[in-house]
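There are two complexes below, and they share chain A, which is joined by chain B in the first and by chain C in the second.
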Partner chain A sequence: MSDHFWRQALAVARRDLDRERHSGEVAWVTIPFGAIALLLVPLAVGINQDVLERIGTGMLFVVVMLFGVLTAVRRTNIETPAQRDAIALLGVDPVAEFTGKSMATAVLLLVFEVVMGAVAVALYGLDLSGWGWMVLVMPLTAIGLAELGTLSGAIAASVQAGPALVPLLVTPLAVPLLLGATQTVESIGGDGGNLSWLILMVIVVLVLAIVGVITARPLQETR
Partner chain B sequence: MTAPHPHVDFSGVAVRIGLATILRDVDLAVAPGESVGLFGSNGAGKTTLLRVIATLLRPSGGRAYVLGTDLDSQDRFDIRPRLGLIGHLPALYPELSLLGNLEFSARIAGVPIPAARKALETVGLGLAADRRAGEASHGMQRRVEFAREIMLEPDLLLLDEPHSALDPSAIELVEHIVAGVLERSGAVVLVSHDVARVAPMVTRTAELAGGTVNE
Partner chain C sequence: MTSRRRPSWLDIAAVVAVVGALVFAMTSPRVEAQGDSARMLFIHVPTIWLAYLAFAVTFIASIAYLVTKKLNWDLIAGSSAEIGVVFTTVAIIGGMIWGKATWNVYWTWDARLTLTAIMLFVYIGYLALRRAIPDPEARARRSSVLGILGLVQLIPVHFSVTWWRTLHQTNTFRPRDIQMDGPILAALLISVAAFTVVYVALLRHRYELAQLDLAAHEAAAATEGPVAGDAVSAPSIGSSGA
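Entry: the complex of A and B
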């Protein structure tokens, strides 16, 4: 990858993060609603500490996935056709654009995950032993969902289906990430099974990156 | 000595979208140093033609060359940084400042960042640099787009209804930008339905009617 590529990718990521900084979409909408979703679970299933500890990790990643989809939908909506034309005419490398958008969304999702993780620990009293794995699980989940969201957004824009298509594309493809994240954390202290789930997550992230790179140019051209 | 390649060289170009034929049998040549005004009523295909020239829409038929590049080839992507397009609708990011929008363009295009502020000052928006684009008037947003083209210095500038939402001083600015492109041996294609307002900026006019160009 050349300096030119990374300059463009970083410019796109910086633009998206600046836009988020000014709009506060994730900070003031997604995070509070995610926290409320985590708060509603104990109200629905009862304040039974054993139950909450058992379902806590799963709930955390379900909320991360659902709000990750929401973030992906939002990011699809925020670019107008005129803006897409303008950036294409600036000569942006479509792969750099995919990379930059994924980077920005991954940063936002990682912040979201960390805050949700803290909320889940506080609400569900989760056992933190072995949460060192989260250092790997959270970034992998964020990167995978970000790639998936960026890719789905580009597909939705190219077929002019609008944002309605994005959850339909993202949700099923996010299942391996959800399973990988939950099972990695759940199997801590087991027979090393968490490593195989972690490998699954790495494979999903790499496959999405490859698909994103291969399809970036055709998708830019058809939107 | 041979004549320079036209910046736009269209022969028999057609554009079909679905079952509708938007453009048919378009012949158009625009030489370096030339500014061509295309006039036509609403729905005549003016914007579609600009999008084809801008490589944003592929022709369905005919032979189309822009800046010496066949629009049917993959090389068409390489000429995009040499094209400038100011369309109907502002392409700014409303959450970013006016300067932030220009700096983003500069980063993507590899232009030194200080050039963004200088361009903004050229269009008279130096004091409004930190205002968010979403809070700026339509006219100010158009000025920022002109500033972008001043900064990027395209070889071929495409203007869609350039007088829309502009006050008289901004219209002078458009004329200044067009003159600058022509001085660099670039070319300009502008489309409008208002012949009288655009006439001072063009060296030649053509009419777009029924999806084809009549010179």
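Entry: the complex of A and C
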């Protein structure tokens, strides 16, 4: 891929991150909302510390997935049809646009994951041994969710029922990522099974990237 | 006056195949450990096989559409997904009935069961997307992407029984490790073949319906579209009486 491609991708990513800097949607809405969700779980299932420690990692990734889906979808749905047309007319490579949007969303999701992880550790008293794997798990989850959100946003762009439809499209497809993330952490200290789950996540991320790259142009033509 | 179409040879073959499969299923030897509830196997395995087949056809037809841009491929993809959703639902319900008889619960948090239910939602989303986009070209391009993405979900569903080793039995068809009596295996294979013929017949009918839908859409678009200037009316000059 040429320098020109990466310049376009980085410009798209920078634009999306600038939007977040101005609106503060993730920082001031999504993160507090996710934290409330993590706070509500013990109220619903009981405050038994053993139970909370056991379900903590799973709850963390459920919250990351559901709220991450909202973030990813929101990032891709803020463009108006006129803005999308302008980008197409300017000759922005659709693959560069997909890459740039996914990069920006992945950065925001990673921030969201780190904050939620800290909240989960504080609230549920999670055991931090073996959390070094999170250095791999969290970016992979963020990238996978970002790719899915960008793809689904493009699929449902300009569709009247789009905002309601996209979470239905993204959430079931994100299940392999959720499984990979939780099982990698759960199987730490076992028979090395966590590596298999990590490989599953890498495969899903790669498949999503390939589908995104292949379908970027046809999807841009229908907007 | 309405005209009724004669059933095709494929329809007749589907009916004969299902009747034949039913006869084999009901006359196959009784499994002592599970009693007659084990006969659910002859419905459950073929329906989930059909779900896999239908979604695989959706995947292949979606790729074919993106490569050729021929709408017929999209119609096949959509038709197959509809059949897949119906058969996945039947497979889940059949599995639940069998589960109640065998495990004494309708639902258990088994990996295969849970992931199959999630797979169902992937394709319900696919069908919802198709309904939300009236333009055939836009619908085809967008849903074909989702038809390809759906395969991501099929992989964990298929391998779930191996990865987790949970309550659900491992894959029924393992050529190197067949643990089924000959007559039961024969009845099961006949049932799978019969359901496959049913799938082909249903796909053909649904595809024909989709073609008619497309033709109706194109006819409506050709006659009902607004013409530039329709909203402009000529000013009436000198009619005010002033």
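The working rule: the second predicted complex is superposed on the first by the 218 of 223 C-alpha atoms of A that agree within 3 Å, B and C clash if a C-alpha of one lies under 4 Å from a C-alpha of the other, contacts with A are read in each partner's own complex, and residues count from 1 in each chain.
The rule is short, and it goes like this: contacts are C-beta pairs under 8 Å (C-beta built on N, C-alpha and C of every residue); 3 or more make two chains touch, one makes a residue touch a chain.
Being a predicted model, the structure only gives us computed values, none of them experimental.
Give one of first, second, both or neither to describe whether A:2 is in contact with chain B, with chain C, with both, or with none.
neither
Identify the partner contact of A:151: answer first if only chain B is touched, second if only chain C is, both if each is, neither if none is.
Second partner only, chain C.
Looking at A:208 after the superposition, I want to know if it touches chain B, chain C, both of them or none. Which is it: first, second, both, neither?
Once the two structures are laid over each other on A, A:208 reaches chain C alone.
Taking the superposition on A as described, I'd like to know which of chain B and chain C A:159 touches: first, second, both or neither.
A:159: touches chain C, not chain B.
Contacts for A:129 in the overlay, against chain B (first) and chain C (second): which applies, first, second, both or neither?
Touch status of A:129: no partner.
By the touch definition at the top of the document, which applies to A:11: first (chain B), second (chain C), both, or neither?
After superposing on A, A:11 lies in contact with chain B but is clear of chain C.
Based on the superposed arrangement, let me know which partner A:168 touches: chain B (first), chain C (second), both, or neither?
The second partner, chain C, only.
Please indicate which partner A:179 is in contact with in the superposed arrangement: first for chain B, second for chain C, both, or neither.
Touch partner of A:179: chain C, not chain B.
In the superposed arrangement, which partner chain does A:91 touch: chain B (first), chain C (second), both, or neither?
Touch status of A:91: first partner only.
Under the definition above, what is the set of chain A residues touching chain B in their complex?
Touch residues, chain A against chain B: 4, 7-8, 10-12, 14-15, 18-19, 22-23, 80, 82-83, 85-92, 217.
Show me the residue ranges of chain A that touch chain C in the complex, using the header's touch definition.
Answer in residue numbers: 151, 154-156, 159-162, 165, 168-169, 171-173, 175-176, 179, 200, 204, 207-208, 211, 214-215, 218-219, 221-222.
Quick one: which bits of chain C touch chain A in the complex? Just the residue numbers, please.
On the chain C side, the touching residues are 66, 115, 118-119, 121-122, 124-126, 128-129, 132-133, 137-138, 141-146, 148-150, 152-153, 155-156.
Flag every residue of chain B that touches chain A in the complex, lowest number first.
51, 54-56, 77, 80-81, 83-85, 87-93, 95-96, 100, 104-105, 107-110, 132, 152
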